[in-house]
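In the two complexes below, chain A is the common chain; its partner is chain B in one and chain C in the other.
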Partner chain A sequence: MEPFLQGLAMVFNAQTMLVIVAAAIFGLFVGAIPGLTATMAVALLVPITFYMDSTPAIAAIVATSAMAIFAGDIPGTYLNIPGTPASAAYVGESHLLARKGRARETLGTNLVCSVIGGLFGTLVLVLVSPSLAEVALNFSSFEYFWLALLGLSSSIFIAIGSRLKAFLSLTVGLLLSTVGLDMMSGAPRFTFGIPDLMAGINFIPVMIGMFALNEIMMFYGSRKETRDVPITAKDNVFRQAPRHIRTYWRNILRGSSLGTLIGALPGAGADIAAWIAYALGKSRSKHREAYGTGHIEGIIDASSANNSGISGAWVPALVFGIPGDTITAIVIGVLYMKGMNPGPTIFMEGGSQVYALFTVFFVANLIMLPIGYLAIHASKIFILTPRKILMPVILAFCIVGAFAINNSITDIWIMLVIGLVAFVLARNDFPMAPAILGLVLGGTLENSFMSSMLKSGGDLTSFFSRPISAALGALVILVWLLPLFLRLYRRLRRQPQPQHSPRSS
Partner chain B sequence: MKDFLLGLAFLIGGGVVIAVAQTYPTMPTLEFGPSLFPSLIGGGMAIGGALLALSRVRELPAAIRAAGGGLSAYDYRGLLISLVPCGLIVFYILASETLGASLCMALSMLLLMLIRGAKLWMSLAVAIVVAALIYLLFSRYLLIPLPEGTLLSSLTLAW
Partner chain C sequence: MSTPTIKRHLIGLLGAALLLPLPALADYPEKPITLIVPWAAGGGTDATARTIATALEDELGQTVNVVNRTGGSGVVGHTAMAMAKPDGYTLGLITGEINMMHWQGLTQLTYRDYTPIAQINYDYAGIQVAADGPFDSVQTLVDKIRSEPKGTYNASGTGQGGVWHLAFAGFLLDQGMEADRVSWIPSQGAAPAMTEMAAGSIDIVPSSVPEGRSMIEAGKARSLAIMAPDRLDSFPDVPTLKEAIDSDYQIGEWRGIAGPKGMDPAIVEKLESALETAFNSDTYQNFMAKQGFGTEWRGADDFGQLMADQDERFGKIVEQVGLAK
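After this line comes the complex of A and B, so read on.
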């Protein structure tokens, strides 16, 4: 009981609560401005969290990411432009609702679904992680090798778009992870005689380059600036929400559980969760024909799913140290810096710290209701903040943020080079998530492989000799073969069709 | 066309990575060492790059014909403007020791705002206020040693 009360005390104090409110407002701003993502918000926030205690630091990240994901719906509803990629799946639906004069009702329902989704994901995190951690305590380097490989493989096979490009993006991240002194032999790799690179590439400047500088460059290359809001909203924010929740509680439950599951899969985050939840919701709906015409059911599954995905991504991050999405990839770095090494021991040794972490999730999700309510009323402020003023400010934050991690100019160079590479790759539809996972998991993959080989004297079959290791190995192979199976299944289903459809010409 | 070139870049990059990795020492107890992972990654880059380039070979003649007729259609101006933020980062790296972090940031922000057509008075006000705020937040509150600039201090001394 005492650790629990200590945990509560770590959250319910003036400093942490103030940080949560400030972070939520920051997340609101970044999420509501099209082109700025929740990951970018977190990447920009990290340099500041370095100077906080661990609980407010994590609270800031949780509150920012949860709020940014909801706030992405605001420009989506008013302008038909998603504020973050996680809102893209149902942006058409919510904008059409807004055109019918139901903008605030739509956003109010979005907000309630986001909160329920976030709380659902948090409940799963609280209930599942400790027992999963007990299993993970028995894991050795063999299991961690497969887990890392599973994470990297799913980042390629679950990615939307070309798998080949996702794979190439992954190799970039993996290559970056090899820079620095080799953990086993101590040999320097790809350091080019630069002393700052001996300790490896710090991934905060990489994140800032990949998600912030890249977006700034995209903005200057595009010339687009949306400035008018054609819709005026006078309806009530929460009046219709209880009715919608009663009618569509199954959708909320389905979206939340799907979102948590997809969020927990490495490489797949809130955006993919929203797309899949929207598609599943549509296929199971009784009013399928109403989808795409401004149907409130169309936003419920997906807006629950994207916020539950944010919480779900923390399960593998905390239990195994394997990030579920790009945000938790940053979080893992922050946890290490704060001395809270992610992995099963966090639940054994953490005590009050873990209770504080869980409490932070509940508070950060619940605080979305009042702040979100005010934000819906003040939507125009967020939408009309001109990006031509904001982007230069963000650039200044990028430079100082990258420098602040190690007080090193080298980190600014790293941010610049990575930003340029990411700009070229992103403009040609290469996904960024595999690169980040490669950078974060590359070290785990290599070190667990090398120590396993040293233990087994170079015997590769030992990767299948332990039961959990063998099961994880089989799962990895299954993920690799999945596209082949799917292709075969589609071909088999398509073949008999011509005989049964004589009318087709 | 772009995918073909990017595929080639990955192919060459992968080859370079493998070549550099071969120079790393091997460990005495195992047949492999620090070169194994970089070599595998390099191999992946090279094979993936080759596959990407090959998958676009068929579209290449049409792309070259189209490019021959419409080189000017490519948005070079947009591309150049998108590189301005990078140029300003290099400016910060090179000039911040002399001019100081806050002045460099203010100048960079001002230029970027003016490029996109923001009003001069507003750009000036935002650039100065934000640069001062960032400097205060990071330098005074978070104790990050942002460069103060030798120019300002020498001017003050001279005065």
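After this line comes the complex of A and C, so read on.
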């Protein structure tokens, strides 16, 4: 009991609370500016945390990352440009809702889902972190191979429009993921003698180019000042939220648990959690046809998932010192510097500090409600500001953001070139999401395949020789065969009673 | 009338500016210093760099900004260091990879492209195995590798041709076996390899012992030996290779501070003495002790000599492993 009270005292004091509020506002700005990501916000905090005690330092990181992930939805809703990669999965859905005049309602629901997701992830972190980390720890390259394949396959199935175009878009992403020093052979690929390309193509500048720069060019391409989001909004931030939560509580629960699990898996973070939650939500929905037209259900799964993923990523980070995502990769360094060495012993040695850490998570997630509420009201700035002023400002931040992630001029060029390519692709109705996912998961897919093959001496059946791996493999094959089965099933049912199929593709 | 006057004034000012004495070296540093780290934020090298940077700030009275330039097995960051202006305001945390990459044809850069300032750390390779695996000592490990067919066991911990790959290949050569008798599974680093070992798909991780600390403390892995002259203070139960199997083989990864080639010797001297104080500071020593990282000091000249010696040694191993280009 005493360490618990000590832990509370470490959080509920003026300094820590002030740090949480300041960090939340900082996260809000960074998250809401397209081009700047939650990971970058945390990276910018590292030198500042150097001068803080461990509790405020961790509080600053938790509050910043949670707030930034929510704030990414704000420009996504108003401008169709996700503020952070974690909002990209449902940006189309929320923007279409905004065009119907439901921007505030959408963001309010989003905020509540984010808070619930974050709290859910925290609860899991507190209650089952050791056992959950144990499960994730059983994953070797065989399991990661199937997981990556599952992610890539689902990116094609969730795509709106032509599956062939989605597949081609995916291959563009996979091609980009092969650039750089190949980990397996140690040979450089597609680097054209440019040392910076040895590091491969970072997905952040690509993300910025594909979503933000593309949108900017679309605006200048159309050359007219259209306000597609109504300026006088009568919708209320929170009024509809309780109703949505009552209707879709299953989605929130599903998104949160999925997000926590994906966050806890090393290598996959909030962004991938959002993609998969959106896909699963769509496949399980009663109103599947409403997806892609501005359907509130579409944002509920994913916006719960990305915030719960943030908390979930801390599970392996704390218990084994293995980062669950890019943010916790930085966090581990900070924890070491603060003398809180991550590992199973952290729960024995740092009793009160661990309680303080858990308390920080609850406080930081709850504080999102009032600050987020104010932010949604202030976010009208996105529609009041003429786009011809807004767009150049966003472009400037895109360039800064692309540079800052790795302090590399090459990344700015990558962002610009990808933006141009994405513009051409988007004009021809190629979806962007599979390309991003291909780039993010391509390396995992290739490296886990190659290292599995090296381990097993080229025996392909080894992908089914471990129990978890075999189960995941069966799942992937099931996903692939599902459309075939469905078509077969429909045809069989149609034979006695012929009717016109609504699907043509 | 006024335009020529202004022009004349400007020329006068320009002349005066040119005639001003150049800033004396005693004033160095008069602006913040950038320290390039070729590895990612949050990793062991990054933490070492940030700690020495903090200690160095106290010494020099100037901000030292740590900038991560990651990727390409260290090529990107090392290239950025070598290409910087040799004015003493861009330094880098140089790592042992500089003695390996050029042998494998990944870069033209060698240790000769840098001005060595000081070595601040040395981590020896260890031999980590799964706690529930078949190896209970280095002797059984060596015997089993020798008696079982080639490729029965695998090891992981760095990319192809990385420091722990070469360290372990060198160990096998030292024991009179082929360098590739144990299959090398390239990985992003020691941490993911330790995870794979805990998941049961890797047999040996020959990284430094502190890199395996969390898994060792979790009871999922154990360290059989360290390829060092003495036992580590942080892991006193792990024997040296000499104690375990009477081998004199020692190898590891060094880290140091260097600048681009052609730095002013006066600046190097100033930095060297500031670094020595920073190295001996409580901030640095306590941090490294807590991490279990080895501290080893070499001044500019000795550090340059170490790089030259190691370069030759790793060149031989790279050739024997068959990675030379």
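Here, the second predicted complex is superposed on the first by the 274 of 505 C-alpha atoms of A that agree within 3 Å, B and C clash if a C-alpha of one lies under 4 Å from a C-alpha of the other, contacts with A are read in each partner's own complex, and residues count from 1 in each chain.
Methods note: contacts are C-beta pairs under 8 Å (C-beta built on N, C-alpha and C of every residue); 3 or more make two chains touch, one makes a residue touch a chain.
Please read these numbers as outputs of a predicted model, since none were measured by experiment.
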First, second, both or neither for A:M184, with chain B first and chain C second: both
Touching partner for A:A396 - first (chain B), second (chain C), both, neither: first
First (chain B), second (chain C), both or neither touched by A:L174: first
Partner chain in contact with A:K388 - chain B first, chain C second, else both or neither: first
Chain B versus chain C as contact partner of A:N407, first or second or both or neither: both
Contacts of A:L454 with chain B and chain C, given as first, second, both or neither: both
First (chain B), second (chain C), both or neither touched by A:P467: neither
Touched partner set for A:G193, first chain B, second chain C, both or neither: neither
Intersection of the chain A residues that touch chain B with those that touch chain C: 47, 184-185, 407, 454
Residue ranges of chain A touching chain C (in the complex, touch as defined): 43, 46-47, 50, 137-143, 180-181, 183-186, 188, 195-196, 198-200, 266, 320-323, 329-334, 336-337, 339, 341-345, 406-408, 447, 451-452, 454-455, 457
Chain A contact footprint on chain C (complex, rising order): 40-43, 46-47, 50-51, 54, 65-73, 75-76, 79-80, 104, 106-107, 151, 154, 156, 159-161, 183, 185-188, 191-192, 195-196, 198-202, 213-215, 217-218, 220, 287, 290-291, 323
Chain B to chain A touching residues, read off their complex: 2-3, 6, 10, 14, 17, 20-21, 24-25, 27, 29-34, 37-38, 41-42, 44-45, 48-49, 51-52, 55, 75, 78-79, 81-86, 88-90, 92-93, 101, 105, 108-110, 112-113, 115-118, 122-123, 126-127, 130-131, 134, 137-138, 142-146
Parts of chain A lying in touch with chain B, wherever the complex brings them together: 47-48, 51, 164-165, 167-168, 171, 174-175, 178, 182, 184-185, 187, 189-190, 213, 216-218, 220-223, 225, 386, 388-389, 391-393, 395-400, 403-404, 407, 409, 412-413, 415-416, 419-420, 423-425, 428, 442, 445-446, 449, 453-454, 458
